[in-house]
Each structure stands twice: as C-alpha cells, then as structure tokens.
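Sharing a structure with you now.
Chain nomenclature is as follows: A, B, C and D, assigned in order of appearance, with residue numbering initiated at 1 for each chain independently.
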Amino acid sequence: MSNKGRVKVGIIGSQFEADIHAESFKILPEEGEVVAVASPTPGNAEGFSRKHGIPKFFTDYRQMLADPEIEMITIAAPNSLHAQMTVDAANAGKHVVCEKPLCMTLEEADLMIETCRKQGVLLMYAEELFFTPKYVKAKQMADQGAFGKVYMVKQLEKHFGPHAAWFWDVKRSGGGVLMDMGCHGIAFCWWFLGRPEIKSVLCHMGTYVHGQKTKGEDDCICIIDFANGAKGVVEDSWARRGGMEDRIEVYGEGGVTYADLHMGNALPTYSEYGYGYAVEKAPSTKGWTWPVFEELWNYGFPQEMRHFARCVRRKETPQATGEDGRVVQEVLYAAYRSAGIGGKVMLPVRLKGIKRPIDLWLENRKV
Amino acid sequence: MSNKGRVKVGIIGSQFEADIHAESFKILPEEGEVVAVASPTPGNAEGFSRKHGIPKFFTDYRQMLADPEIEMITIAAPNSLHAQMTVDAANAGKHVVCEKPLCMTLEEADLMIETCRKQGVLLMYAEELFFTPKYVKAKQMADQGAFGKVYMVKQLEKHFGPHAAWFWDVKRSGGGVLMDMGCHGIAFCWWFLGRPEIKSVLCHMGTYVHGQKTKGEDDCICIIDFANGAKGVVEDSWARRGGMEDRIEVYGEGGVTYADLHMGNALPTYSEYGYGYAVEKAPSTKGWTWPVFEELWNYGFPQEMRHFARCVRRKETPQATGEDGRVVQEVLYAAYRSAGIGGKVMLPVRLKGIKRPIDLWLENRKV
Amino acid sequence: MSNKGRVKVGIIGSQFEADIHAESFKILPEEGEVVAVASPTPGNAEGFSRKHGIPKFFTDYRQMLADPEIEMITIAAPNSLHAQMTVDAANAGKHVVCEKPLCMTLEEADLMIETCRKQGVLLMYAEELFFTPKYVKAKQMADQGAFGKVYMVKQLEKHFGPHAAWFWDVKRSGGGVLMDMGCHGIAFCWWFLGRPEIKSVLCHMGTYVHGQKTKGEDDCICIIDFANGAKGVVEDSWARRGGMEDRIEVYGEGGVTYADLHMGNALPTYSEYGYGYAVEKAPSTKGWTWPVFEELWNYGFPQEMRHFARCVRRKETPQATGEDGRVVQEVLYAAYRSAGIGGKVMLPVRLKGIKRPIDLWLENRKV
Amino acid sequence: MSNKGRVKVGIIGSQFEADIHAESFKILPEEGEVVAVASPTPGNAEGFSRKHGIPKFFTDYRQMLADPEIEMITIAAPNSLHAQMTVDAANAGKHVVCEKPLCMTLEEADLMIETCRKQGVLLMYAEELFFTPKYVKAKQMADQGAFGKVYMVKQLEKHFGPHAAWFWDVKRSGGGVLMDMGCHGIAFCWWFLGRPEIKSVLCHMGTYVHGQKTKGEDDCICIIDFANGAKGVVEDSWARRGGMEDRIEVYGEGGVTYADLHMGNALPTYSEYGYGYAVEKAPSTKGWTWPVFEELWNYGFPQEMRHFARCVRRKETPQATGEDGRVVQEVLYAAYRSAGIGGKVMLPVRLKGIKRPIDLWLENRKV
C-alpha cells in the first residue's frame, strides 16, 4: 500500500448496498476508487465488476483480503456475516467500512471493535444519515442555537417493506423494521443531540399488515430518554403505502425544523405514460409521483464514502464508528425488550447470549 | 318550551370557548339560537350578551337554568365545574352540551351520565373533531375502503402553551397538555376506528420547556392498543414553537392519508407590515405566516352546534355523548398511570378516589 | 310574494351548475329555498326536483316565471340563452342570478342590465370567486395593508378540459378556455384590486393539445393593465393533466400571499383501492390523490347564494352584478382581439356586431 | 500547458459570482483547480486568493492571461466587460467561461464567438440551469416521454432586487430584471425544449415597486413562441418579498411537473433566535424560514464547472456555448422591443447599433 493517492477499496457484496458503494465512489472520485469486488454467488462479482468498471473480482472475500493493493473494505453483506468479515479484514490489515446495523449481538460488536483496535485499522460504521445534506443542515442550525435547547428529535422511515426475502425471515434478519430501519433513527437521534448518555428506552411494536409473511414487527415507535433531558423518537414502518418516507423533526424551546428527504425534495409530477425512475420503492411512475433527483447525493452516500477514504488517509477523523454501531445495537436490545415487557428498559443493557435482538420481544411478549 | 322552531340555547361561560359557541350559532343559525348567557364575573355576561346580541344575561347560572324558554345549555367553564353544572342543568330539564374534557374524575363522569339519563335529557360531548370537515372526509374515505384495514391512526396537536393561567396549575386543570389537548386525540382515534374496545395504553410524557411555570407535562406521546388490532397514537405539545398545529395521519394496509388543519389549509403569506389576524396562537402576522380562513367552520364548531340542536329536536342522534367523554377520561387515567410506571396499563381502569388524573403520574413517577 | 321568510327560488337548468345551486341552498338554508326547477329536456326537471326535494318542476321556463310564488331565478343554462332568459325573468318581475359568463356579446349585456333596471329587479352575477373563503381572506389581508400596495394579482384555473360537448364547439360556446374559465380570473383580478379602471389587455393563446376536438384556445395567458398601476394575470388551461387547479397569487411591495383551492386544502392521500370521490375532474381515486372536503363551501357557492337571497330581502347590497359581468365581457373581447393581432388592446372596446368573442381571435389571427 | 491533470483555472472577478466559481471547484475538485485570480480593485484579488487558497493573484487580468500555466478563464465581471475580456483571453489562447448574460449587444456576441472560433478555444456560457439537478431530472423525464408532447415550459425567478448598486443603473446593467434573471429563463426554455427555432416573443414589463431607484423594469412576463408549437414563459421579479424564488413548470399533453429550488427543497424552520445562514436573499433567519442545504450543488454550479473542465480536456462537449448566449441575447432584444411596442416581435431580430437592450423598451415605449 502506497499510503498516497486515492484509497484503494474492495467491496464485499454485489446487491443493492454494494451498488450504492460503487456509485458513490464514482460521484466523488477524488479520494477513493473501487479496485475489487467479492461475492460468493457465481457470476455476481464478475457482473458487478463489468457494470462498474472494477478491475478485480473474487468469489471468496478472503482472497480479496489477501490482495496487498486494497486498503479499505466495505461490507455490504447480510447482517449475520458482518462480524466475521470485519474480523477477517482487520486481521488482514484492512480498514473496514461496515453497513448498518453493525452486527447481530453485543458480543459481536465488542469483538469487532476490539479486533480492529488491536490491528490498528479503522472500524467505520456506514450510517449515511450523519452525512445526509439536509439533515446536516438541521444539525448545523441546532448547533448555531436556532432552536435553543433541543428537547425532542424524531426520525421516521417508512415504506411497504423490503424486496429481498431474507428481511422477512427473522432467523436471518434478527428483527423486523426496527432492526432494518430503526437503526438509522436511533443513530440519528443520538448523533443529532451530541451523543449524550442514554437513560432508557420505551418501545411499542406490532405486526399489523404482513403477519402472513413474517414474525417480525412491521411498525414501531421507539422513544429514547437521554441523560441531557431530551428524548428521541424513532418511527418506522414496513406497512406504509405510497412510496418511501424518510424525514426528521427537531423541536427546541426556541424553534422547530422539519426535513423531508423524499416528498420534500422531489418534483411533484403527473404522468399518463410513466417514465424511467421515480425513487426507491415508488409504487409506480404513472399518476402523481415524487421523483427524486441526485438520489445518492441527497442521501449523503458519496459524501460518506469520501469521508471514510479521507479517514484512511488521516485527513479526517471518523465520524461514524464501531462504537456508534454498538450504541445502536444496545438500544435495539432495549427496544425489543421494552416491546416485550410493555415497559421502559433502563440502560446499560447487560443481557448476554441473545442470538437475535427480536427474541427479546417474541419470547418475552407479555402484552 | 315550544319544541318547535330554533332550539333556545343558554351558554355558561364568557371566555374563549363561550365565544366559539356563540359565533357558531351565528354561522349556521337555522337550527339553534343563543338566548341567554351566564357568567359569575361581574360585567362579563352583560358584555358578552351585548357583543353577540343575546337577549338575556345572568351572573348565576342557576338563575338561567330556571328560565323555561331555554332548552339546551352549553358549558364553557373550567373542567372542575362541569359535573355540578351538568347535574344542575339536567335536574332543571335542560339538554346539556359539555366542553372537553368531560370532567375531572370517572366518578363525576358516571354521575353526569346517570343524572341526564334519569332526567331524560341529552348529555352531548363537545368533541368538535368528530365534525371537522377535513377529518370527516378522511373517515369517509376510510369507511369507503380507500385504505383497506386501518392499522394506525394518529392525531397531533401542538402549540407553545395556553394563554389562561389556570391551565398551568395542575390543581385547577387536573393535568397538562394531555388533559388539555390529548383528550381530542384520544376521542379522535376511538371515533375514527369505529369505537372499538380499548385494550391498553402506553404513554410517555415530560415537562421539557415550561418546568418553571408548571408541574404539568408539556409534551407527550400516548399509544392506544385497540381490540381490533389497530393502534392510536396521540402526540401533544405545549412546547412547539411557530404557531398552532392540528393534524392527523391514517395508515391502512391499502393506503394512507394526511390532513393538516392549519398549514395544510392556509395561505402561505409574507408580510412586512402585518395584518389583522393569522390564526389562533400565531406568534406574529409579520414575516412568513399561514393565515387561516373560516377558522370555526374548518374546525367544525358550527356544524357541531347545529348537530346538537338537531339532536334536541330529535332530527338526529347524538354522535358525541357523555359516554364518549367517559371513555376519554378512562384513557386519560390510564395514560397518566402509564407515564408514571413507565409501562403499559390495561383497561378497564378500576382506580377510585383519584382527584386529578395527573396525580397518577406525579405521585407514582418511578422513571 | 310575501317579501318575508326565505326567498323562493326557481332554477333554470338541470345539469352541473343547477346541482350546485340546489345543493348550495341546502347547505345554508336560512335565507333561501328552491321551490321550482325548469328544464326543456323531457324528464330532467322532474328528476331534478325529486333528487333535491323541490316541489314544482317545469319543462318551459316561461311557465315557471308565471308562478307568483317565485321571487328569484337562477340561470344555469348555456351562455347563448342567458340574455333572453334574463330579459324574460325581469319582465316577469323576478330577480335574476345569472351564471358566468354573463352572456355572449356586449349588446346582450347592455340589454340585460337595462331591462332589469327598468323592471326594478336585481341582476346578480354568479361569480363565486368573490365569495371563495380562502380568496376572501387574501383580499382581507390586502385591504388590511399586509402587502402594502398590490402591484400584481394572478388567478390560475387549469384542468384537462370540460366534459360537456358544447364547450368544444365555438359556435355554441363563443370561445375556449378563456371564455369558460378566464372569465373567473378577469373578474377576480378586477374585484381584488377594488374595481379600478382597466387600461389595456395583452393576451396570448393557442390550441396546443385539443386541436382535433376544437377550434377554441385550450391554453392562454391574459395580462390586464389597470389604471391604478397594477396588473392582473389570468392563466387558464384545458390542457393541464393531473386534475383541477384553481389558485391565486398576490404580490405587493410589502408582501405576497398564495392561495390554492385544491392541492392547498386537500388531504394528500394514497389508495390502492380507490374510494368514492376525490374532487371535480380528478383523473382517478387510486394512487396519490388530493381529495377535497366540503367542496361547495370552499368554493363559496352556498355563501354566494345566501348573499343573493339576502340582497333580495334588501339585507345586503349585491357584490356581484350585471355591471361586473359586462366588464368581464369587455375584457374577453379585448383579450381575443389581442391574441388575434399579437398586441395590446386599449379599453374601452367599441366593437359592435361581434357574434362570438373568439371570432376576434380566429378571424383576425395574424400571428 | 500540460494538457493533463486537472485543468488550471484563472478567475476574473472577486465578488459574488467569483466566489461561486472558486467554491465550485472545491466541491468537485477532480477535474479543475483555480490557480489564479484577477481583480482591479486594490487588495481584492489578494484577499480572494487568501480566502480560497489560490496561489496567484493579479490586479490586471491581462497579466494573468500571460501566465502560461492557465488553461481556462472564468469571467465573473460586469456585463459590459464580458466581450473585451473574452476576446483578450481567446487571443491569449485560453478557453473561456463567461457568466450570464453573454454580453450587452448582438455585435459583441458575434465578435466573441468568432474570435474564440478563430483562436481554437472554447467559449462556454455559464448557464447553470442546464446543470441544476432538479431541473435536469425534469428534462430527463420529459425526454423519457413522461409528459408526451411538451407544449409549455415556464421558469420563474423572483426576489426583492439585487444588492449591488450597478444593477439598478440601466446604463451599466443594460436592463432590469429581464436582463439580470430573465436570461436564465430564456435559456432554460430553449434548452428544455431541445433548442427549437424561435418564432416570436411577446413581453410585458413595468417598474412597479422600485421606480425611485431605477428606470429598469422590476417585474416582467415574457412569452416565447417556438417553431415546434410550444411556448416558453419567463416570469421574473425584483419586487417579490419573502426571499428567493426559482422554479419551473413543465406542461405536456400527457402530464405535468413542477420543480421548486428553494421552498421545494428547503427545511421549513421556525426560530426565535435566528441562525447562521438561510439562503441567498432571505430577509431574516428568525420566524419561519426555508433554509437551503448544499446551495451550490442544488443550483448545479460545481457540476457546471466540472463539465467545463472536462470540455477543456475533450472528455465532454460543451453543453452551454457562446451560441446559446447569443440566442438569449436576441430574445432579450425582442422582449424589450415587444414591451416597448406592446406587441409580438418576430425573430430573427435585425436591429443594429443598440447600446443597451433596455433602450428598445425605454425609447420606444408607446404603451
């Protein structure tokens, strides 16, 4: 590794998130470039490499880790594989960018953090909301005092459910919509408020619409009490029709702001005939739709990847780390347990031996 | 009483809500007319009668109740007086319209219902959201199957706190924002879903901004589980800057709708100079504002009062009754208790001897 | 005629506009009631009377005019019949409410005004925008000085074209979208600005989408210079997809306001299944739609009819008269001529013998 | 010049637009870098170079043109200097990026185009709307057939007037708001529709609010007829209160889309205290505001400058050229003349010897 020029990146994965990683480095190419991809499914890595113009491809990610040119790995694989891949990458001396949620269990989180620390590599947590331009502007205003003391932050993320089959199988996913999208909201509230200590979590969830498809929750509200006296509210749904929703609300004693990533940025559009692409999970391009523009940029993915590449070059300090991911993981534990017992759960959570966070709801459900 | 012509109405009260009652009968005058007003404060009733062109005024509401011309009483007095006034009016043979919340305790609610039943008069509960045209349209669409099975209904009501001093004193108000505005949301969710049995209540509240002024909660989220499998979400705040917010969200497996009474109906307006009136609780009429038009009509107050007058003439059956108010009262008990214990409270609530609903939070606060 | 109680109304017509008249008196019944309807099409008047609970029906409107009980006639018939019907009604001693546009020619307008004057009956012009609550609020703010001196007023009205066949035939309609909907915008700007003298008209029009169906213009922009230094802008279209649009913009040196009657008041709604009714001319009730609530009230029709009934009882002075309709007619002449010659037309317009306003465009088209 | 690596850029100017150029290359640095700046005002170039980290600075732009390292010049100087600077730069062998409007007269435009052609350098016209991501998305949808045949395109740009004094002096500016901002709308409509032949221009303008400050028009509507049967509408104002407006409307026989750069992308925000920065020309950061995020990116400036740098490296073909600027200039002539004579002006315009486009209005004003 030269430690100069653009950071050489290898991607593990070839699906939705892997595409986002590859496209992001194309949009902001000056700090990093993707030089390899690994995917076990026959043909996937090769197809992906052709599609994105990536020189090398592998079916075994361990082979990719052996390539001395690669400096940073991004993990866009199912949740249950994150821990092992991170450990392997760290042991191969690569910096790691891991998709959300960080992993399945707190024990895994600790192992990932510890291994990267020992190997002297960075463990970066791919929470793009920390880089979403519209949300960053909200935080800047808050930090400038626009709202006085902020007492409530809310993040909502809703659509009609994921496309990939494994999300619906709680054995593979570890949980439903809270696990899938609530991890964003938990991270967001914590980050927005300046990472204060978390006191307790109160969560309400249920399977309202997709009960025939999944045991996982498809709608939830999660309320987090912070030690600084503020609360965070996370609302998620896999049961909301009409397309994607991703928005925040910020309440302070001196003001309020709202930021809507989709309808709030889009072009209100009516088409009899339809057109190419509206937005992730849009039900149609006919009738009234809200097409997105520069989708990845407005989410903040390219800015996030550029930041991670700069971190590898020591130009910046990671703003989203394994420790952040671990906090989210602990809140996920507390939230599922809260939903199970129908009451508040205080932090820290000292539960061990949990296999899947959702079990804390499913197996303890009293109400 | 002639039992013909327009229903003769007497108002108890001379403030904000009493004004709304008087104005409402002027907007839709064909079924009812205000013929008397009673207020104990010297001069208030007379001034009110002059302002609204009402023939008779009284300082003692009991004197007004003795007037044989009057057929229906509307109560726009502090919560703690509702029960006694209702009982007195019923015993005088008058139909009763009582403002929200119905009263302070479940025992009072039972007494009010029972007395009116015995006296053969109607006890009507002034929940105007049942008549709010925009919300009625949402319910019509739901009932027409637009959203398939509705699994979540949400109502939000937020501003920066009431003007009258007694709201801040929990001894006089019985509670904070949940008591003041949450009673609307509770009634709304129950009504919208077709009055299903209520299973349990989970509530989170706090005093975030106005702690120096009140012991009452100034921000809360209340989640109601209904026996039909749906949930209701009630969000209220006395800590939200920027003016009044009153809106609903309806989620079904087949669709979603949103209705915003204020920004969603208003005229986006910028004025350097200001103007007469924007909307209830607007912070200013300069800069950007959202002035309301036909405020009472858009809330549904005239339609509500017309309906109540028609009920007295037996042209219609009351759609908002003392029983509705009692359900709300029970949920208020459950919600304050839930916030106190930090967990779900199952219904029915069998608590007796409670003086003020908020005591169930303040005195049992564990978390 | 008793000259007391509710004004007795007879409607000429049985279609879209006649329905609005009948429904409007039901919504605000205290000042007027419909007692008769006349329509030449066999069965129509009878069906209409049954549908709306109207006691009398006629196939010949002249017979209805002979009924001494009737005090006020509303004309909801094709434009070309307005003048004769008005003259007949006036000669029968009835007050007249005439739908927009007032008539076909300036000569007709003069005859209508003169005949009503001579017979001592009121000629009221059914421009409901003068009563649209949201627009009235905008005018109130302007009159309160919110915007300082208003220098521009804009009214837009757009959809994908009328349903009835006769609108497309310029021989029967007298013009396209300017004649059909521009008459609203012209009246609106004039009224909003306080009825200042009109200096000149500049108009651009074309047949962009429906050329195979009509010779009439289906899209236009009309700019009116007023003697007080302000301008009015009227934008109309029969070629705009996605449903109905009706909105205004008001610009003053000290501020600005916007009022949108449809999307700006409606409930943003997504439905997989559809539902009863969204709004006039909505393309569908599936997908994303903006259903209206209390459509007639929000347009101001009931308020308008109540006002007209009050005028008959001399409780109010007509705020929309034959003279208003004549001004609109003169601007229509000027606008079609302007589009024909491609330049400004100064008022007053002294053209005589015009049969249809649109001929001033079609027959003089230079550009 | 190496013809490799990042294109070396010199900026002429040190104010508002020059800042945008410098910031844009920082946001997307991989294709171009600013190496020099020239400004005649003592100290300005040096200050600018320090602020943006630019190695070289000059008080005489001709000296900068002598620097062999510089490959591309961007001109952010007053309109009246564009032509001479372009000619000088071209003669020095530099590629030229010229801000809008291209120049003052058609003769200047011809000279600029011809000189650059002869010298073999690119003349690129800095119309950022061709790169505005939201508008680009609208064009993509149109090109994909979303709206069928597009018959009308509208672009609006409004605020309360420019800050710099020279804009108000028509001798220095050449015109008012049409010259200043209408050049964007003219370019936009033409580009959006695929650069069809322009048939005629009809324009209405006036000085409504700022008559004591300027002879220039502060509000205008300009309607362009294209040979393909579509029309373009350009609305501009220096008299609109409430902040910046920049938006488009696209109408086709099969659909419609709207794109709002400011309110439509921003965070609706209320602040008692204010904060750092809302958006260009915002009247305040207190009360309700619509703060922008990533302002330059959302306008498309960095994407535009990256494109121009790529053009210099022959990786892309210029999408905004001197020829585009000349078309705009011709429409400006036609529009001012149209406003002067109160009628349509056919293209091509063969007027010579015009000093300032606005003279065609001021000196020929008949109406």
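To be clear about the criterion, a residue touches a chain if its C-beta (ideal position, glycine included) is under 8 Å from a C-beta of that chain, and two chains touch if they have at least 3 such contacts.
In this text the structure is predicted, and so the values were computed from the model without any measurement.
Q: Would you mind telling me which chain pair, B-D or A-D, is linked by more contacting C-beta pairs?
A: Result: the pair with more contacts is A-D.
Q: So, what's the distance in Å between the C-alpha centres of chain D and chain A?
A: 39
Q: Please compute the C-alpha centroid of chain B, do the same for chain D, then give the distance between them in whole Å.
A: Taking the average C-alpha coordinate of chain B and of chain D, the gap between them is 55 Å.
Q: So which bits of chain B are touching at least two other chains?
A: 147, 241-242, 254-256, 270-272
Q: Based on the touch definition given at the start, go ahead and assign the chain network to line, ring, star, complete or other.
A: Topology of touching chains reads as complete, every chain touching all others.
Q: Could you please specify the touching residues of chain A with respect to chain D in the complex?
A: So the residues of chain A in touch with chain D come to 28-30, 133-134, 136-138, 140-141, 144-148, 254-259, 264-265, 267-276, 285, 291-294, 297.
Q: If we count contacts the way the header does, which residues on chain C are in touch with chain D in the complex?
A: Those residues of chain C that touch chain D are 147, 149, 151-152, 200, 202, 204, 206, 208-209, 219, 221, 223, 229-231, 233, 237, 239-242, 251-256, 341-344, 346, 367.
Q: Please name which positions on chain C make contact with chain A in the complex.
A: 241-243, 270-272, 283-284, 286-289
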